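Please go over the structures that come below.
In the two complexes below, subunit A is the common chain; its partner is subunit B in one and subunit C in the other.
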Partner chain A sequence: MGIADRLIEDVGLRRGVSRLTPEKIEKIVNAVITGETGARLKAYAETCVRCGLCAEACHFSLSHPGDPSYTPAGKVHQTMSVLLNKKGKVDPDFIYGMAQLAYTECNLCRRCVHYCPIGIDTGYIISTVRRICHKLGVTPQYIQDTAHSHSATFNQMWVKDDEWTDTLMWQEDEAREEFPGLRIPIDKEGADIYYSVIAPEPKFRTQLIYQAAAIMHMAGADWTMPSEPGWDNSDMCMFTGDFEMMGRLKRKHFESAQKLKVKRIVMGECGHAFRSIYDMGNRAVGWKMPPVPVIHSIAYFWELMTEGKIKLSKKYPGPVTVHDPCNVVRGQGLHEKLRELVNFLVEGGIVETASNREHNLCCTAGGGVINCGPPFKNVRVAGSKIKADELRATGVKTIVAPCHNCHGGLEDTVHSYKLGMEIKFLGDIIYECMEKPEV
Partner chain B sequence: MHPPALWDWESGQRVVLASMERPENAAWVEEPHASPDGERVAVLASLEEGAFTALVNGEPWENTFDKAWNPRFSPDGRLTAIVQQDGMWTLAVDGEVWEENFDFLWGTQFSQEGNVIAACMQSGGQYGLCIDGAPWDTLYENANQCVLSADGKASAAVVQLASLKPADLDAFQGGVFGVAVNGQSWGKNFVNCWTPAFDAQGAKVATQVRTSLYDYTIAVDGQTWDENYTSVWEPRFNPATGKAVAPVRVKSAWGMAQDGQIIWEPKFCQCWQQVFSQDGKNIAAIVAPKFGAFTVAVNAKPWSVSFPVVTDLVIGREGERVAALGNNDNADWHVMVDGQTWAGSWDMAWKPVISALGGHVAVKVEKGKRQTLVVDGRTYGRDFDRLFEPTFSPDGNKLLIRAIDKGSFVRIVAEVGKV
Partner chain C sequence: MNAAYQFVTGPLAWAAWGIFLLGSGYRLISMYQLAKTKDATSIAFMSWHFSLRSIVNWLIPFNALGWRKSPVMTVATFVFHACLFLTPIFLVAHMLLWNQAFGVSFATIPDNAADIMTLVVIAACLYFAGRRLVQPEVRYITSGKDWLALVIVLAPFLTGFLAYHQAISYNAMIILHVVAGEIMLAAIPFTRLSHMVFAAFTRAYMGSEFGGVRHARDW
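Showing the complex of A and B:
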């Protein structure tokens, strides 16, 4: 069994492959491998001993027991290993399957790094495969459209400049009904905090902007949001493999914050954006670390909690379970702060999933997989069976998931596996339970 | 009052507004803005009855509005704010609104002298710029990255020239974006256009373009350079020669190109934000000679000092001074001038200001929530609740300091040699 046995039609992949020739493939594959990789890829390729321990790491593998083609080593075996062994001499049909696997059957979650006895980062290898796919022009339709949006508008959902500011004002108006005097300060130079979000918030999750404004207001934060592009911290170009655009997006984001002379960036509850800002995008333009400190909402809310700036009128009824977003847990180790915060907010505490903290199972939406859209939804849901099993075993009704894409993925998992669970952002719970003014 | 030569340059301090306290009839007041000459200070205020207005030296505008945002003083000292009345937006200039209304208005811009005011507009789902209230004759499905020429006589934006169906990859990659100047499209479509910029005379426009997902170059008045690059950054025109200059990436290294020809060897990990002396002979840019270490290069030669982050590069008119800021982790800010780092470290620093004559450099800085100035490396003897950008007198001998001090807005003229 392998990817060739489960190909799915996608407009973007088919379109891209139709334009390929073996000569073009060979040229681009070797240009990327020789020009953009080095000892790291070579070491990974030469040291994997096919021990199979990574099979226990990957949720796709665990959800498809007995099928080695879903294991991390199996995925590399079907993609990068072929490119290396054949020195790029592969045909377009191979590229179709390689791209489908790389974009839809690996979430780049890096759980396998923990299980590999020699620390091979399969996420890096698959990212490099995606980079080759981008250069070949073979990318799934929906995530490529998102990358297009990033390039044209500097946000992932084609939000126009006026729509963004208008939405902030709309949410400010709404929130003032409940919190008299509340402001969403736009372009406030010198503020302590620049609050950044991802484009789904102004597009269809506006309540999250409302809630963030309410929390900032009640905490007495000195904060701002920019009126100009740069406000969206997300980055699907990182996942298509368009690293040039990834760098461009991060430059825009950080320069927007630098222009306002803020002290730090607090970002909403998003995992992949954290990866882009804290690790990949900033480094793509030469900054070793983020040029403006970036605080994920988990850490920010934890900070407000420890400083006594979140005052609760009630606790959220639990117990709950916690879903650890890969990019902030394996990316920065925020899992204990997340638990301290949830225990502060919730009555009844946390019932852990069998896999938790830095060993948490991915939601199966991350790494841009959910952004590949409807053609691959069933692949994604099938890959989350092990996650569904672990969630069901907790016996609780609420999942706390501080990440947008995790929400999207878990919603499909909860629905498909009939788990009957609700999914909450931290902001949802804080807003619901915090003290509010008498109006 | 304008120009700066007409400002009050008498040395000494004057209290312009004794109290910045919120008036009793205001639910809240927003952040203060100072006029360039320091004679007025303005805040937007939300009045108890629900309307917005501006308070200028404590006095409200005659008009009130449903909403107001983006207060800005023009270089010639007029206070502008984007205001909404009855659901429609327009611009208020010293309290008087433009005749035209728009569905939305944002991004106020001024000509160098301040005599022309422009803003981005949207009405009926059509986008463009409006200049002193008059929208472009031709509007577009989208327009962004709006820019005004120095004299305000020309304006440009990146515009969307054709509709895109949802997730239509072929249409997007075929190119639906271009640049419109004074509302008129170049007639050339690109995959992307970014950061259009005028030359000094407002006659030419250069922009970054992407002609495929992989090919980046510069277009001037619609004509692309012959060379493609793996990436480019913002083009700027040499003010003396009129040639377009832009950072370009060749393979994985950054250099500088002029009209398609390499003028700085591509050897940097990063290169951006180039600036020119008025005679065009000196070009400075922020560069990273190696990963994670940024500095400034002048005519391709990097300074020896480096920081993890460098920002706010400026160059004197004659090229006699080049200044920038370096920082560690957005704190521990330092001022660099001509390759030397001034003594002192700050929690935050703002863009250096170089005098038109005399080569003096002044920098607004902050430490422990108090703001002060550093001038030619010397720290001013006073600090303030808040400072605005300092301004040198035209002869470079004096410095206008606008500040909020103990709740008052003050205007100080100090002799540069005594700061």
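Showing the complex of A and C:
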């Protein structure tokens, strides 16, 4: 029982492993462990009493009852514990399984935090395993492609600089039919708000930029979007273990905002990007907290609501259920604001899933898992069985999920488990229900 | 016999306490030094308020989500840890030893109660052992170190119980009991039992991150 029994072919992992030798592995493993980790990993590795309480926490283990190799401690047992016990003396085949497990069977969602009496952060341990995999050059092909894109373009989706501004102008042009006078102000110095998105928005979810512009316009916000690289707040490098690039990406992002002398950054409905900006990426470049105030769309829309700047012409027909994205509930405690906002927007209120607020179950797409691509899709969907059960039990038709990755994952879950539910961003609902000008 | 008893309750006891206290101090200080050089991005976020908030919330049975989801284990571990600490400290016979050595005296628990508490510790150890053998998620991650820790903790209570009831040779059993207790003390800083030394700090760190940065409960 374990990862060796369920290996999946992936070009990136296979090619990476083919270049390894036991000597190289030993050198890199120990370089990371002695050079980049310290008391935190040491204390976690030593004080974990192997009580197994975390088995109840993880959606992967709850979706595979009876298979302990999916539990948080079970995953550490197959990866970091082996590296530490053997002092890095493992063979290339072991690295293949270790990488597959770390990249595709842990979403770094941190739900296990609520189950560990000692306070062990399994997400940190698995991140460190990924860091070692990155340094070994053993990463799944699809997510590595996005990391390469970050390195080459400072955005995740190979969006070219001219295509970016073209997309903004295109969305502005489209939106002006519905909202005469709407602008997407580019590079406006001193604006109140610097609105940042993830690269999949210009690439294939352009309606989100349209909707955000419409909401900003109707709220009378003083906002801007940057023309130059730095506009993408996403960060797959954080998830591949390329922490150098994580730092470069965040520096670029913050400096882009500082250059425009904006008051704060409002970011779109993304979870992982929030983790990068607010928690991990800022630390990688030595900022204890973000050097430019950052708020997530949930908090921004909540502000607009409390200030009376969202005027609804109707309420969205509910009831709905709310999916709490890990990175903004366990990442910044936005769950109550999210609920106040949803209750404001929706007719019929919220039917909660059994696990909600900071105790949410992950969508099984986060932590870069969905970004590992088609080879691992079935693993991901199998891991979301427990989430599907909780969603089905609500009996409602709509899931509100303010995170791109959660959308991607939940779409597959809803489809595979035949839940017949629709998934909405907050922006979708606000746009649909807000007062619009008579044209 | 008397010489052996004198030895285990004299020099050996000093050695065991010395290893426990100095060893724990050494481990804590060296861990702190390591954290200062290597974990700056973690210790920068340490907060007294959120550390204590997290520790207190986890000390309340069934308060944390994890406690609620595994109720039997929760009862077992709370009762086990309480008896593990209280019994040896407040046992009449142990107080007499403190009194002999240092002239201090303090409240004690009646022997009958101590007897039951000892049985509770033994029963809890057997339950933990059973989990390690039977429950797949615990069995999968159990290694020799975990069994060692369990045996080290069980031994002084089992021998103490047998000695008190004079079931087998009292003289031999009491010496075994003292030695077992001393092994446990000395093992704390260097085995899985080191969670006694470090758990408050790992908990505090998690509490600080969740309270100060992530504005969410970590229980």
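Keep this in mind: the second predicted complex is superposed on the first by the 439 of 439 C-alpha atoms of A that agree within 3 Å, B and C clash if a C-alpha of one lies under 4 Å from a C-alpha of the other, contacts with A are read in each partner's own complex, and residues count from 1 in each chain.
In this section, contacts are C-beta pairs under 8 Å (C-beta built on N, C-alpha and C of every residue); 3 or more make two chains touch, one makes a residue touch a chain.
Source: prediction; values computed, not measured.
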item: Simultaneous placement of subunit C and subunit B on subunit A, clash or fit; value: fit
item: Touched partner set for A:288, first subunit B, second subunit C, both or neither; value: both
item: Arrangement angle, subunit B at one end, subunit C at the other, subunit A at the vertex (C-alpha, nearest 10°); value: 120
item: Partner chain in contact with A:119 - subunit B first, subunit C second, else both or neither; value: second
item: First, second, both or neither for A:228, with subunit B first and subunit C second; value: first
item: First (subunit B), second (subunit C), both or neither touched by A:181; value: first
item: Subunit B versus subunit C as contact partner of A:322, first or second or both or neither; value: neither
item: First (subunit B), second (subunit C), both or neither touched by A:358; value: second
item: Subunit B and subunit C, minimum CA distance [Å, superposed model]; value: 7
item: Where subunit A meets both subunit C and subunit B, residue numbers; value: 36, 283, 288
item: In the complex, subunit A residues that touch subunit C; value: 1, 36-40, 42-44, 46-57, 61, 66-69, 71, 73-74, 77, 113-121, 278-279, 283, 288, 329-333, 335, 358-359
item: Complex interface listing, subunit A residues touching subunit B; value: 11-12, 15, 35-36, 134-135, 137, 141-142, 144-145, 148, 151-153, 160-162, 165-166, 169, 180-181, 183, 185-190, 227-229, 242, 244, 247-248, 251, 258, 261, 263-264, 283, 285-289, 291-293, 373
item: Subunit A partner contacts - residues on subunit B that touch it in the complex; value: 27-28, 30-31, 67, 69-70, 103-104, 106-107, 120, 122, 127, 142, 144, 160, 166-170, 172-173, 177, 191-192, 194, 210, 213-214, 216, 230-231, 251-252, 269-270, 272, 288, 291-292, 294, 308-309, 311, 329-331, 348, 350, 366
item: Residues on subunit C engaged by subunit A in the complex (per definition of touch); value: 31-32, 34-35, 37-39, 41-42, 44-45, 54, 58, 64-67, 69-70, 73, 77, 131, 135-143, 146, 149, 192, 194-195, 198-199, 201-207, 210, 213-219
